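Here subunit A shows up in two complexes: once beside subunit B, once beside subunit C.
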Partner chain A sequence: MSRETSTIQRRKERLDRGIKVRTEGLYALTSWREMFYLLVPRTLLIFGLLLSPFFLEMYWQRVLCQAGIYALLALGFDFLAEYVGLVCLGGAFFIGSGAYLSGLLNAKLGWAPFFTIPIATVAGAVISTLVLLPCLRLRGIYFAIISFMFPLLTVYIIIALNIFGGTEGITALATFPNIWVDQYLILGGVIIALFALRRLVTEDIGLILRSIKDNDQAVKASGISITSYKTKAVFIAALLGCFGGAYLSHLYGWVGISQFALDYSILPIAATVMGGMGTLVGPVIGAFILTPLSEALRGFGQMRVVVYCLILIGFIVYKPEGLMNVLQRKYHQFEHWEEV
Partner chain B sequence: MNILIYGTVNSIIFALVAVGFTLVYGVSRLPNFAHGALYVLVGFLTWSMVNDFKLFYPFAILISLGISSLLGALIYRLVLIRLRGLPTSEIIASFAVGLIILEGLRLQGIGGFKGFIGPFYVLPSFIDAKIKIAGVLIDAQRLIVMLGGLAVVVSIWLFTHHTKTGLSLRAIAQDEQAAMMLGIDSDRAAIISLSIGSALAGLAAVIILPLGNVTAEAGYRILINALAVCIIGGLGSWAGAVLASFVLGFAMIISTALFGSVWESVVLVGAIILILIFKPSGLLGKQKELEERV
Partner chain C sequence: MLEIKNLMVFYENAIAINNINMKCEGGKVTGIFGANSAGKSTLMYTISGIILDVKKKEEMKGGERITILGNIIFEGTDITYLKPSERAKKGIILCPERRRIFAESSTLENLKIGAYLATKTQAKKTLEYIYTIFPPLKNLKSREGGFLSGGEQQMLAIGRALMAQPKLLLLDEPLLGLSPMMEGMLARSIHDINLQTGITILISEQYARPILPIVHHGYVLENGGAVLEGSSQELMENPDVKSAYFGL
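The block that comes next holds the complex of A and B.
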């Protein structure tokens, strides 16, 4: 670029594509082209997830299962943080309570995984919600730190009282019949959770939740109980986490205090920030990118957490909108430089 | 008597740990989630300077305090400055910085760096002696903790009430817009508060850590303790923070004496939850804080 032109100021102008406008609402049904426009990203995601097991080796299929668990947690985190305004740093608590419940049901009562998982999901979510209930009046940093305390605290208690197998955990749980059940159970869970949440946030309840985030005093003044809506939201996020936990316990046939570990709290956050906060799809994609990366770093021990955090800070400082928002913008809008 | 003396020591430990966090949040509304990490970092740096580089102990302490306050300023200048006013991002970013420091300290053998292995990282006491007070044997380091804690609280009070910089920090805390109109730079105030807060975290570390081991896990505990004091005391209220430190310090010592040390953290959470249910603004908090958190 020559010297003269570099002094001219330019800005980027963005315009919605015509097709984006046409596909909003019922008009999407007017032609195949519009329908394709809407369907392509969605089917790409669904089929991409569903077909990926066929292209992976045994080891990476296991990693895929892990990534699914992280994706569920990331979805829950994104939902709570962006739609309700509760930054939950304690995703590990959901995983842990789901895992321990289904582990106990399986080990003590001998129930099959297909009974213990649903029961542990719901019961674990109820327990997590009840535990977090007194803290729901909090906001911002207060809620963040309290939710961060719960997994740590539970570990202290389990070790100190030596309950639930103490530091050893509970071993020899039932596992799934084969690796295909493993994978499709979690992938199905992720896809259902993703689309259910996307639907949920556009319903009335989603509107109320978002307004709680923006201005809870106004919601209160409209005669709506904030606490009851926050409780519902936490219950939904906890359902996702507890399902992940219950599934995890049967995936490895083992439950232990490492299920309350920091990884389960921090990786979903990194995935969410990387994928784009508030998009719900972004966190899922982020989880499926970050988990293999962290698997590749497994040999370096604690290095993994450091790497997530670096990615996290890099994205939050330099690209706070995240991958998904960028992709969406490219898909929906023209961009061109304009002289000012 | 035992409980009284050890309770006081414990309370002052709480106050020392919380004072830096409260200062930063009070002045610039930035939650410094890297607080606990800086605490551990200073402990580790001092230890390695004394043991690996054979530096004179007080000298090592000074250098690591300098590093920690510089780091505090850098955290603001490089990361937090871009995120002001976005509470979610502030929390996540400062938490991530803290995690990088804490987990980074456990790395082994990258560039010849040796992190924490095993539990033998002990800082030497300032004075190795035991003193008897009212029939209770207490080691000199605990007395130093008491005196140091008092000195820190008093000097912070003097700093914020009688120096120009301290007054400008308080002005920013009370009304940012008005303070800016009077020519106080809000970014500069935030940098100053973060570096002082980080140095205070480090100071707490060098005073307290000779009582036990330096571990990476301590970072999380310290952060939680600092937050607990803030929540219970009510933010922005010095008297509240000191009062909360004493409430927590004694509650923990008493519960340890009665039920064993397992329940320490349960008492902590229990206290927070009780406060939140019955007086959400904290013991001495004002209405303004109430709106912010409920």
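The block that comes next holds the complex of A and C.
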């Protein structure tokens, strides 16, 4: 067929912006424009988070604290799922162990929150890792099921043995001096965790973890112990969750079995899907959208869950790649029609 | 029977198939030869429609954008944007690369799954025909697909495709990873299938030596474009083909 008879056909071409390519190396430092290109999205996020308490009422400031905890959990979930290949539904276990440790230290030994939180974070992460250690050989749905069971298991142990205050929990814990400390502690935690993880996944250890996700046999064949690396990854994710838990116990001055609630396992997944799997910043943004959204929908009464689900389903059906993947593409690439 | 006009396929901005025009005549064996990355598999996926499925999946996860331009005409109707299942109903059956047999089903079950589009009598007749053309399968009826050897798996994959009553059988790299003896045997079987049943066959293969003698017409692809075409004899005598595919 000759070219003349066929109509002119076009296709959309998608190209990286020149400035994106220039800012990938040391060359980014050559001009203000390149540096602005890199800094604008990051500054928007950091200052957006840090300044948001000033524009919120008391009630929404509380919601912000809650959203921060979910953001930490979502960050840990995304890190484990997309960079290590472990689908971990144990968010509630991380929160619960961090909260109970911190609560016990505060109630029994009378330590101040600023000692109990770091200790509970590390000790809780160690406990969580030890508990999950025997299951690390499992992958995919099996690991998800096992990690999902641990929070349920712990709740019934606490109820059955009537330890740690049983069903009533531990009350009258020390709280933070004022709401500004509340907010900036968790916001600072989220920002530090986010940028630390982003750095971590581009280092050598991140490379190994991603390879474990792709093909663990090939990694073993390279002489690397995958169990030790998986353990480290779970420890890092547990650190985030346990910090959230320890913080939570002092936020409300109370620890109870509701801190093992399945919300802490499930909502981070929704936030990750909405924000964009594998972007790390996506889940954080997802959590800061979804948590206030679920509060705002309280006006709908019982219909709240329905509306919430519809929004999620809409996202999964129409934008399954997630918010952040779309935004990143729009920022870094442009499209134009090209005749072929 | 099958005509491809000005076909172009892009994976994002990379061109996989560049303006290919080709024809597949009814009742004949047509060969597509080319090295890795020549675009053979993409061409097979485009003809069988699998590429539309890949395209959809990539769109969903925001990955590569696949663009298909040009026309594929099968028996006088344009099928460029027809769903893969509809194409199979029209008689275009793909025997996929790397066989893709159902590893946990037995040999007989694999063949039966292939017969979804056939009537009962057709299926029975084809099953007997497959056992005459691939005798080893007869003794392996209850063996799980995953436990078959590479050659047996390939026979099974071709058999499964035959069960769907193809008018046009697409064989994507049927000789992948087989021993020279097995290659010769399979090439003869493919030749027999074409002679005995009259099914039009389109083979893509990078290892041309056993296949070239059995094709009626062949195309040589390079970097997505068709650089050479001709009858089996013409291709075998072409000095470039000789040096590239026969090592002479």
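Simple rule for what comes next: the second predicted complex is superposed on the first by the 301 of 340 C-alpha atoms of A that agree within 3 Å, B and C clash if a C-alpha of one lies under 4 Å from a C-alpha of the other, contacts with A are read in each partner's own complex, and residues count from 1 in each chain.
Note that a residue touches a chain if its C-beta (ideal position, glycine included) is under 8 Å from a C-beta of that chain, and two chains touch if they have at least 3 such contacts.
Source: prediction; values computed, not measured.
Asker: Taking the superposition as given, does A:132 touch the first partner, subunit B, the second, subunit C, both, or neither?
Answerer: A:132: touches no partner chain.
Asker: Going by the contact rule stated at the top, is it subunit B or subunit C that touches a larger number of residues on subunit A?
Answerer: Comparing touch counts on subunit A for subunit B and subunit C gives B.
Asker: Does the superposition put A:320 against subunit B (first), subunit C (second), both, or neither?
Answerer: Both subunit B and subunit C are touched by A:320.
Asker: Applying the touch criterion given at the start, work out whether A:63 contacts subunit B, subunit C, both or neither, answering first, second, both or neither.
Answerer: Neither partner.
Asker: What is the contact status of A:142 with respect to subunit B (first) and subunit C (second): first, second, both, or neither?
Answerer: A:142 contacts subunit B only, not subunit C.
Asker: Based on the superposed arrangement, let me know which partner A:303 touches: subunit B (first), subunit C (second), both, or neither?
Answerer: A:303 contacts subunit B only, not subunit C.
Asker: Between subunit B (first) and subunit C (second), which, if any, makes contact with A:340: first, second, both or neither?
Answerer: second
Asker: For A:15, decide between first (touching subunit B), second (touching subunit C), both and neither.
Answerer: A:15 contacts subunit C only, not subunit B.
Asker: Once the complexes are superposed, what residues of subunit A are shared between the subunit B interface and the subunit C interface?
Answerer: Of subunit A, residues 320 contact subunit B in one complex and subunit C in the other.
Asker: Going by the contact rule set out above, which residues of subunit A touch subunit C in the complex?
Answerer: 1, 3, 6, 9, 11-15, 320-321, 325-326, 329, 340
Asker: Which of the residues in subunit C come into contact with subunit A in the complex?
Answerer: Going through subunit C, the ones touching subunit A are 5-6, 8, 10, 12-13, 21, 60-62, 65, 67, 69.
Asker: Which stretch or stretches of subunit A touch subunit B in the complex?
Answerer: 81-82, 85, 87, 89, 134-135, 137-142, 144-146, 148-150, 152-153, 156-157, 160-161, 217, 262, 266, 269-270, 273, 277, 300-303, 305-306, 308-310, 312-313, 316-317, 320
Asker: Please give the residue numbers of subunit B that touch subunit A in the complex, ascending.
Answerer: Counting only subunit B, the residues touching subunit A are 25, 31, 33, 78-79, 82-83, 86-89, 91-93, 95-97, 99-100, 103-104, 106-108, 110, 115, 220, 223-224, 227, 231, 262, 265-266, 268-269, 272-273, 276-277, 280, 291-294.
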